[in-house]
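First, the structure itself, so that you have it in front of you.
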Amino acid sequence: MTQPEPHFLSHPFDDDKLKEECGVFGVIGVTDAANFVALGLHALQHRGQEAGGIVAHDPEKGFNSAHRFGYVRDNFTKASLMETLPGPLAIGHVRYSTAGKKAAVIRDIQPFFGEFSMGGAAIAHNGNLTNAEALRRELIEHGAIFQSGSDSECIIHLMARSFQKTHADRIADALRRCEGAFSVVAMTRTKLIGVRDPLGVRPLVLGRIGDNGYVLSSETCGLDIIGAHFVREIEPGEMVVIQDGKIESARPFHQASPRFCIFEHVYFSRPDSIIGGRSVYETRRQIGVELAREAPVEADLVCPVPDSGTPAAIGFSQESGIPFALGITRNQYMGRTFIEPTEQIRNMGVRLKLNVNKSLVKGKRVILVDDSVVRGTTSRKIKEMILDAGAAEVHFRIASPPTAWPCFYGVDTPDRNKLLAAKMTEDEMRDWIGVDSLKFISLDGLYRAAGEANGRNNACPQYCDACFSGEYPVVPSDQIEKGFEMKTQEAAE
Amino acid sequence: MTQPEPHFLSHPFDDDKLKEECGVFGVIGVTDAANFVALGLHALQHRGQEAGGIVAHDPEKGFNSAHRFGYVRDNFTKASLMETLPGPLAIGHVRYSTAGKKAAVIRDIQPFFGEFSMGGAAIAHNGNLTNAEALRRELIEHGAIFQSGSDSECIIHLMARSFQKTHADRIADALRRCEGAFSVVAMTRTKLIGVRDPLGVRPLVLGRIGDNGYVLSSETCGLDIIGAHFVREIEPGEMVVIQDGKIESARPFHQASPRFCIFEHVYFSRPDSIIGGRSVYETRRQIGVELAREAPVEADLVCPVPDSGTPAAIGFSQESGIPFALGITRNQYMGRTFIEPTEQIRNMGVRLKLNVNKSLVKGKRVILVDDSVVRGTTSRKIKEMILDAGAAEVHFRIASPPTAWPCFYGVDTPDRNKLLAAKMTEDEMRDWIGVDSLKFISLDGLYRAAGEANGRNNACPQYCDACFSGEYPVVPSDQIEKGFEMKTQEAAE
Amino acid sequence: MTQPEPHFLSHPFDDDKLKEECGVFGVIGVTDAANFVALGLHALQHRGQEAGGIVAHDPEKGFNSAHRFGYVRDNFTKASLMETLPGPLAIGHVRYSTAGKKAAVIRDIQPFFGEFSMGGAAIAHNGNLTNAEALRRELIEHGAIFQSGSDSECIIHLMARSFQKTHADRIADALRRCEGAFSVVAMTRTKLIGVRDPLGVRPLVLGRIGDNGYVLSSETCGLDIIGAHFVREIEPGEMVVIQDGKIESARPFHQASPRFCIFEHVYFSRPDSIIGGRSVYETRRQIGVELAREAPVEADLVCPVPDSGTPAAIGFSQESGIPFALGITRNQYMGRTFIEPTEQIRNMGVRLKLNVNKSLVKGKRVILVDDSVVRGTTSRKIKEMILDAGAAEVHFRIASPPTAWPCFYGVDTPDRNKLLAAKMTEDEMRDWIGVDSLKFISLDGLYRAAGEANGRNNACPQYCDACFSGEYPVVPSDQIEKGFEMKTQEAAE
Amino acid sequence: MTQPEPHFLSHPFDDDKLKEECGVFGVIGVTDAANFVALGLHALQHRGQEAGGIVAHDPEKGFNSAHRFGYVRDNFTKASLMETLPGPLAIGHVRYSTAGKKAAVIRDIQPFFGEFSMGGAAIAHNGNLTNAEALRRELIEHGAIFQSGSDSECIIHLMARSFQKTHADRIADALRRCEGAFSVVAMTRTKLIGVRDPLGVRPLVLGRIGDNGYVLSSETCGLDIIGAHFVREIEPGEMVVIQDGKIESARPFHQASPRFCIFEHVYFSRPDSIIGGRSVYETRRQIGVELAREAPVEADLVCPVPDSGTPAAIGFSQESGIPFALGITRNQYMGRTFIEPTEQIRNMGVRLKLNVNKSLVKGKRVILVDDSVVRGTTSRKIKEMILDAGAAEVHFRIASPPTAWPCFYGVDTPDRNKLLAAKMTEDEMRDWIGVDSLKFISLDGLYRAAGEANGRNNACPQYCDACFSGEYPVVPSDQIEKGFEMKTQEAAE
């Protein structure tokens, strides 16, 4: 059972900054809103698997909440729990699993709740505040008691110190102090509120359900699962306040040129979600098409690295005419890392998750299509498995440019010195992984696949692509204070 | 905001008793202090059975904590948990089960922790602040975000807003704003701190362990279990700060005449604890002696209502010469309330916990000695059991005066209109319970048993006896705001 | 939480012979019989704390069962579980905790169930079969597949091989092959069956409930808790078959002179139970009276070793005139052994359970009354605690004769060489324990206290007292095969 | 007798599929064999998700076992559990979830263990005995006590009654009494034993690991995960006995013409397993090729019903030239059935698992390729989802012939009257599902795809295809006794 281990709770006051990729969801105007939130979070589970939380409000029973480690399906499916979350208004959050980091605690699970003089409010945040540490220090100096290690808690404390009269105005006040990426879903006793940062780095969409209900979700797949209709995206820099079936829109921030995260297209979002009017699946397939044009190679089979490489592999096969085949099988029961109990079988690693279809690849020249290369260690193991199975040649094609810079806007990335592409050229990476060829899609190719027919506008890029380009649209001030070195002008040129 | 907990939590024993709300414990200067705290809390478990928490500090691993519902023995005995609480300094808290109240949440379990600009600190509080609601409102208006429903959290927020430079000074600052009863144990990275309110309503004692170690405990039985030596009681209004084997004592409050809770002698404290130089067991036995003098009756047997009536029953037997006998047997496996699964057997109630020794009481005139009468419902059931078993006469003797007023200083009492003695005279109570006679010890008799040879000094009572007398040494301002009516001068006379 | 540890299940096919002390209970003719069985087992929890099981039969839903590690109160109180055990007929079993032995498995928990050609039947057994190993070997040779390590499973396999036509006749057939002690409660789809071995070593009583219901219970305290009326004891060698409100009695065994276990009076049974028309409490108090006559000593206080020494201490005090006092306090939250997490505090041992009331015993000559001495290690620790507290003299008085022989009839005793009384004289024991005096009650004194005015009839003892006398009423054949040496005729004389 | 289990256990995925009932695995001659068994069972998890068990033998610590509900990854990954299963020899079993049947009990989880006069033995069985009920009745009449509801337990009891001297001979004796399908893995203290029934209905393969180790596994994917080398398949009717690195082969049964289950190719086996020298993936792709030839249709997209329809959809696309696309996305966190908590959202059903990629299918003519149609209910729901998303036409192509007969050889199939193809013609099914066209592959086409170039040899079919043809190679005698009607000769013609 994917149940939280009690010892996860052992380090409660840890102030380690977690920069998680998350999913947020909220519903207003339906019976038992928390049930819908549970379903929505289930659909957004790919955005965060460590933990989930729901806060609901009922006119009679007030605010109620539940925060749990583990999958939505294992927690928020029990009638005994869901009955404790009554009411027509609820929000929820799923949180990324911080494997390898310090154990997280239940106090870190969002939504966060605060009791204000005008009543309670809860918020759920997807993204990362790049000035959170400075804000935190400042707030503590002025008497704030932090309960979690999460930077998102700053928002609640900033709200508590605002002089505004309404929750919505206090949220706007608080977020104006925040730098970085934030898609926020919040609730009061009567209102559902959604906000996106001025650059719109993380997604947030609006849907309609039933006669009088509205939904906010990180992705459209969260609307589909509950049968809600897609209305529109919340715009970069917009705040919507929904009450009694009516929506008010405001623009609390200085205007900026939008920079949506292009990695949402490459990997984060679900393939059946629609972003900016484009199917994520189709964008990924198109990356494969572009890749086949940019980096063709003679071969017998195009195999995806399951499952995220599949759409690009289909596109590559269709453009190149080389047959598509499932040369690598994923073990579908591999929910969490299988703990190898003894030294003897410790180095099986990737075999627990993947198996090569030997009779298929034996003697063949194989193109492997993967979504990205981070540390490169998995690529090496997959290459070994394929060669062990008797492949004649192995060619890697990567559906994203080299990942050479860490993300500070809500994605958990290794330190820069752990990123393979930060240390090696493409040829060096090819040799280190040990394959016959290795090619990444170009940044322009990626932009074309994402719908920008003319590629990247270098003067004013249409997306945030900092992880590839090193061009950070918001200065990561906390990181710089800790010694992170941004790309110099010369290097950029 | 209420959060459901997966565990079933009912309060463990008799719901017709007054309940002590908490026990506090702290150790400094030993290896693995948390282990000692676990043992100390185990010895103080009678002061609170719902939940327990420990915070420990290690110079290398910083602050760590664990908060758990359930008994100390079921949680803080696992090596896997205790290993997460390293270091030479730790404090802990056990908390009473609030059956019938809103479901408790893990965030309500103490010790509470706060990160301050000069470093973290944790506090554990036994008692109750009579102005907590006013403080809470004020703090929220000034930007405090409360995480628990516990009034004790006010202390942390008051500390956060203090301008003092040291934790100890901030604790003093905070507690000077607090009214009511508080015995506080606190810790910083290097210091163990103990404070008692000016009246010294709740107990707190100091012990010594090993070469260099010190202990703070609600009662002396917490010292005994770890082999610590009793040094002295922390005095009413005193604050001690212990560091590096040295103790500094301060007096941060205005001086007042002490008013220790007399009910600690009657029921709350463990019989093997020593308070004010007196054995609690001996005081209780002496109450029985006084009671036999004040309210003699001809009978065949003196039986205690187990287990809290036993010492007084022994005293009554010794003074009266009537044989002592265990006419009622307690089921020792009755840890928590047995949930009667069907209507059919719902009204067995007290039988699950107690059974009458039929062949012993049959045809006998029985004196039952109990510590107190609260609602009176249990007394009625016990009377029925004894009569069913064939007793010829039943005489109740109660080791405390009639409980006619609620306690606001850290004891869970029913509303005044639920207290039998607030609604009836002694004779009416006798008839309602349905026994041949019913007598309570007098207030003076109780004071004599507690060592005051001349009884109660009505001009300046030596103890807090508000639950009997209605004379509240600290004005319960929150309660008055909610409509509680104090005894008028005339009524008092 | 007293929850079974999963690793208890790790050694399933262990054939270690467990000789447990157990409790059995059965009800017929009531609605939801399993609820009554749960209550009955709760009252019998002192006879076995490791595990419990219930089998119920419903005309529509057939046989259902639940077997759980842990206390009755923690398992058989959940509506979700009890609802799975419907029907008017149910039996149950509680089993002793085999601390220090190999981990038990869920398959060892009774009642055992067998599907026979004439329908299913379940049995619960209190006692021990002294020829179980021989039976087991024989059954395996003839094709039986054992599922548990429990000897009681032999009964089911013997039943399966019987040629009798009814379950009751098969039970009789099976038990005629069994030697040793057995009080058995069994059920078929329509009948509740009770059997006691010819010597009647273990208790079994019959009660009546409601208009048409009957109850079988190890002790009368199991009747009291559900409001059933005591009818009579099942007689040694008797089998009762209860169906449709009617009882048939049979005598399937050769007649023998009864030998009820005298240790049930001394320690096993609950003080509020009635055995052979005598209150167990009263017998124990009388042991104290006899002891005061046999082994008087000048002292200031008589203190029981809690809780089992209490009735004898009361008797001792009453006979001697020396005041009774609770000099040792038991921690009532000490449900299971507290695991001392570190070496440092490992040797606190008994302090976790007991604490001496220092101010009471200081400077006093103290008589400690305990029910028995087995290994003697606990006696030594208690002596140390009392001396540490400043007692002037310590005198042990033991409410049973020296335990010098192991029991093979259903009680878990250490090997003979671990029994202090098997290795030392009374004086040697006194010196080893380190007290001023140590006296055991004589065997005759014990018999007198148990109602035999003339003491023990050595020609034909009225009780089984093998643990004291070494005279085994049934030859322990399995043990002799394994090398156990019985007392020689000379030694006996 | 049914025993409730605390865990909720529903079957994990689609309830409109046929379910393989088990997987078996065994290893000898390695350190800590149980770890390898855990990995092997993890690779075989698709054959049974309800529960798993492992028995291991260590020369010093004897037999140990663990049986658990839930996934292998959630149980047999904990060091604390695996340490209890030491030794160089172990076998294991995974079992299918019997949703809708009586609650399963832990006693039903294999391997089963029996203590015989020549020592213990454990067996794990994949398949189903068609005369199990008759055997069970007979065994009970002769004194066997069954502990589980599993027919496989008959094998242990038959062994116990055999007069043979060795375990292996007793297994052969027992299996000669058994009719139906069985692939058995067994172990004694020193031997690993594998047996396949004379028809070889279920798979069983032999592998080699390390210098001296051997492996038995239901499928080759179980060898791959532990790095074992495939040696050969155990032949139909063969028994192998492995000890000290040596293999002995025997033929204990009458010879028969093999009839391997063709549905293993269609659905049950993992796509990366190799059966009869053929890649399962490749056979499935080839089914798609045959299907495109037999039942072509003009369309814009070929979409698999995930995940089992994918290889056939790839083959269909490749043969037809119609682009392959992932039009339906599976929620990868859908491990087990999500319990819809309220009526309101109960009819979302399949949406929790699947979502249509709207922008992809809108306005398109879509071919959906699925592996089989059982009840047809899922097909209807998927059709609705596709039409809701705006598809212009929907054409179903099924990678197996109509499933018109239940399987009695180890696969969980609905009763015949629940099978859509037993009640309707192809055209009626098309209309009932509501699609533009519906075509199944022919039986000959399926045989061709499975490597039989000339299709099915009707005189002597190469495979067991009873679920399609109604021709049962072993008479299902238990079922016939219960009223099942086999196809009459006329109907067959």
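Letters A, B, C and D name the chains as they come in the text, with residue numbers starting at 1 for each one.
Just so it is clear, a contact is a pair of C-beta atoms (placed from the backbone, for glycine too) under 8 Å apart; a residue touches a chain by one contact, two chains touch by 3 or more.
This is a predicted model, so every value here is computed, not measured.
A.B. asks: Which chains are shared contacts of chain A and chain B?
C.D. replies: none
A.B. asks: Quick one: compare the interface residues of chain C with those of chain D and tell me same or different, with half as the dividing line.
C.D. replies: Here the answer is same, because the shared fraction of interface numbers exceeds one half.
A.B. asks: Among the chains, which is located farthest from chain D on the basis of C-alpha centroids?
C.D. replies: Comparing chain centres, B lies farthest from chain D.
A.B. asks: Could you grab the centroid distance between chain A and chain C? Build each centroid from C-alpha atoms only and quote it in angstrom.
C.D. replies: 61
A.B. asks: Mind checking the centre-to-centre distance between chain C and chain D? Centres are C-alpha means, answer in whole Å.
C.D. replies: 50
A.B. asks: Approximately how many whole Å separate the CA-defined centres of chain B and chain C?
C.D. replies: Each chain's C-alpha centroid was found; their separation is 37 Å.
A.B. asks: Please set out, as single numbers or ranges, the residues of chain A touching at least two other chains.
C.D. replies: If we look for residues of chain A contacting two or more partner chains, we find none.
A.B. asks: Between the chains shown, work out who touches whom and classify the graph as line, ring, star, complete or other.
C.D. replies: Shape of the chain contacts: a ring, since each chain touches exactly two and the loop closes.
A.B. asks: Would you mind giving me the full set of chain pairs in touch?
C.D. replies: A-B, A-D, B-C, C-D
A.B. asks: Quick one: which bits of chain C touch chain B in the complex? Just the residue numbers, please.
C.D. replies: 1-2, 30-32, 35-36, 38-39, 42-43, 45-46, 49, 71-73, 77-79, 82-83, 221, 224-227, 270-272, 274, 278-279, 281-282, 285, 307, 310-311, 314, 318, 323-326, 329, 331-336, 338-342, 344-345, 348, 351-352, 355-360
A.B. asks: Within the complex, which stretch of chain B touches chain A?
C.D. replies: These residues of chain B touch chain A: 1-4, 62-67, 80-81, 84-85, 106-107, 113-117, 120, 137, 140-147, 156-157, 160-161.
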